[in-house]
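Just below sit the structures, each encoded as structure tokens.
Look for chain A in each of the two complexes below; its partner is chain B in the first and chain C in the second.
Moving on to the complex of A and B:
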């Protein structure tokens, strides 16, 4: 059961300097529309760079400021590696599935 | 098996996708190349190139040439650009202290996945050299 205050976002392809600004904007719009609990399904993301990480951090801050949270699910290997190397796996814990991430807010 | 690849263009965000495409082609043409090596090298290349896109001056008017060599024991690349001298001078391996900081991870990330990252200025050009030994 999806809580109406929860949004699932599914970026695809490369979450790099080209795509990150639009993704950041989408998160901001989602929070502004009243959905401050966001699960980002990363299953279709083939590559992330530091711009993409910045967009996730920006989203994490925006959701928390609105009383919610941002969680990530189905994290591919390259994304997981980059999260570990930047120590961001400590603030963006990887959930196996969207359902797992949507549990127990 | 060795292979050399060259890409010329402008240091703008859209060019990053051409670099991705080039690296993916290199991977397809070198099936012996370990996927993890290529993935980590691609991560570094995109960070270094992204740094030039973001900080290169004049903004949007910097031309670059990317050269990649797939060698039996290593991956080597040079990104040469026509921009002003990179003002950073040095760069560290330290990630931002504050995990909620949105920027400042690019070059530390590149440093973490490369065996060597170099910068030099010759004449009117900047040269970023990247090396990763194949696992």
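Moving on to the complex of A and C:
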């Protein structure tokens, strides 16, 4: 069973300057509703740009400020490459599956 | 010479609104226009080279592109003023038009050109109905008012133009004069400007500080943060070690980074020209290489985080030597639009160095190498070449 305080978000397609503001907003709303543990399932994301990365990092800060965390799961290669390049894989640790990311907060 | 039409198309593209989703700020106006005039359809169309892009519509779905030559609005653009056709069936010029004889069986059309922030016509606000109707003077005034409202919203997009201007002003006007070195920088802004910049300045006349940074995100917000980052780094660098300068800069901008949901990757270095001694910090930038004839190309990266990604981050200095004949290349991730993989991009950059004879030429070639790919992100390249002994 997934902990009710854990939310799973599933952005799809291109997480870019068009989609990033809505995603950031969704994370903020989720945190505001009391779910500060967020797993972002990136399995359906085909591309991430700098705005998308900014939204993920902003989500990470928002969850941590609320005493939670933001984890990413099922990370596509393009996203992983960008995370490694920017060393953000150090703070946004990639989990293989959503279930895996949802354990041991 | 740029033609008037080219300048117009450039003005449309600079808005950065072509092929973008509907937005409430425009939808609201077309809904109101539809209701006030009691017509079946109202739309804001943007006019590209050979097509109309339906940015916002009431009565049908926005987002479509229509060939420019078949539309009533094309005529409005050519006319440069409001075009009103009370009854297209009875208008000799339009009665046989396929949009009149066939779907959507237009009888009434009113279009008002929309001027962009620089005064060039960028689109049309149009009303369409399947019944003929007369337009009074007060109707015309109302159409003008509504069009003026759309123009105000379009001017908000002058933001994109301003962002480009900010970025241009952040860049040094000329290369520093350092004996024994050849230095060049380029920044090619993307369609929607990102937060790239590069900077260099002399410290105590003995050291050259060089920075390449990429603020994540786009537009004015990224540009404003980039301006703040540049200033903070310049000020902190004057009286602190490199590590301390980066730390203070990050601390000072923490709230700005948080509020704007952004962070910045940065490569910053201090060069002692005579010794060729290079101290550098790689804050999640990852795209700096040292190309040395006869030695393997070396990537100058670290595992340090970008600036603004996490409060309390510590950055560490690393060292390298620039021997006579060596070249330091720092690029931004815009180069990854052309090369799938960072390693490939850096190898390509190294190859370019081998084939070029000056820093200017190298920087030009790096930017040109990505020119065939549509640039989704800014591309910045800084080349520091130590002249052979």
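Rule of thumb we're sticking to: the second predicted complex is superposed on the first by the 105 of 105 C-alpha atoms of A that agree within 3 Å, B and C clash if a C-alpha of one lies under 4 Å from a C-alpha of the other, contacts with A are read in each partner's own complex, and residues count from 1 in each chain.
We take it that a contact is a pair of C-beta atoms (placed from the backbone, for glycine too) under 8 Å apart; a residue touches a chain by one contact, two chains touch by 3 or more.
Every value quoted in this text rests on a predicted model; they were computed, and no experiment measured them.
Contacts of A:14 after superposition: chain B is touched, whereas chain C is not reached. By the touch criterion stated above, A:22 is placed in contact with neither chain B nor chain C.
On chain A, the patch touched by chain B and the patch touched by chain C overlap at residues 16-18, 49-51, 53-55, 57-58, 61, 81-82, 85-88, 90-91. For chain C in complex with chain A, the residues that touch the partner chain are 20-21, 192, 194-195, 214, 216-219, 258, 261-263, 265, 284-287, 302-306, 309-310, 333, 336, 341-342, 376-377. Chain B makes touch with chain A in their complex at residues 13-14, 16-17, 20, 39-40, 42-43, 46-47, 50, 53-54, 95, 99-103, 105-106, 108-109, 112-113. Residues 14, 16-18, 47, 49-51, 53-55, 57-58, 60-61, 77-78, 81-82, 85-88, 90-91 of chain A touch chain B in their complex.
Chain contact summary for the complex, chain A toward chain C: residues 16-18, 20, 24, 49-51, 53-55, 57-58, 61, 81-82, 85-88, 90-91.
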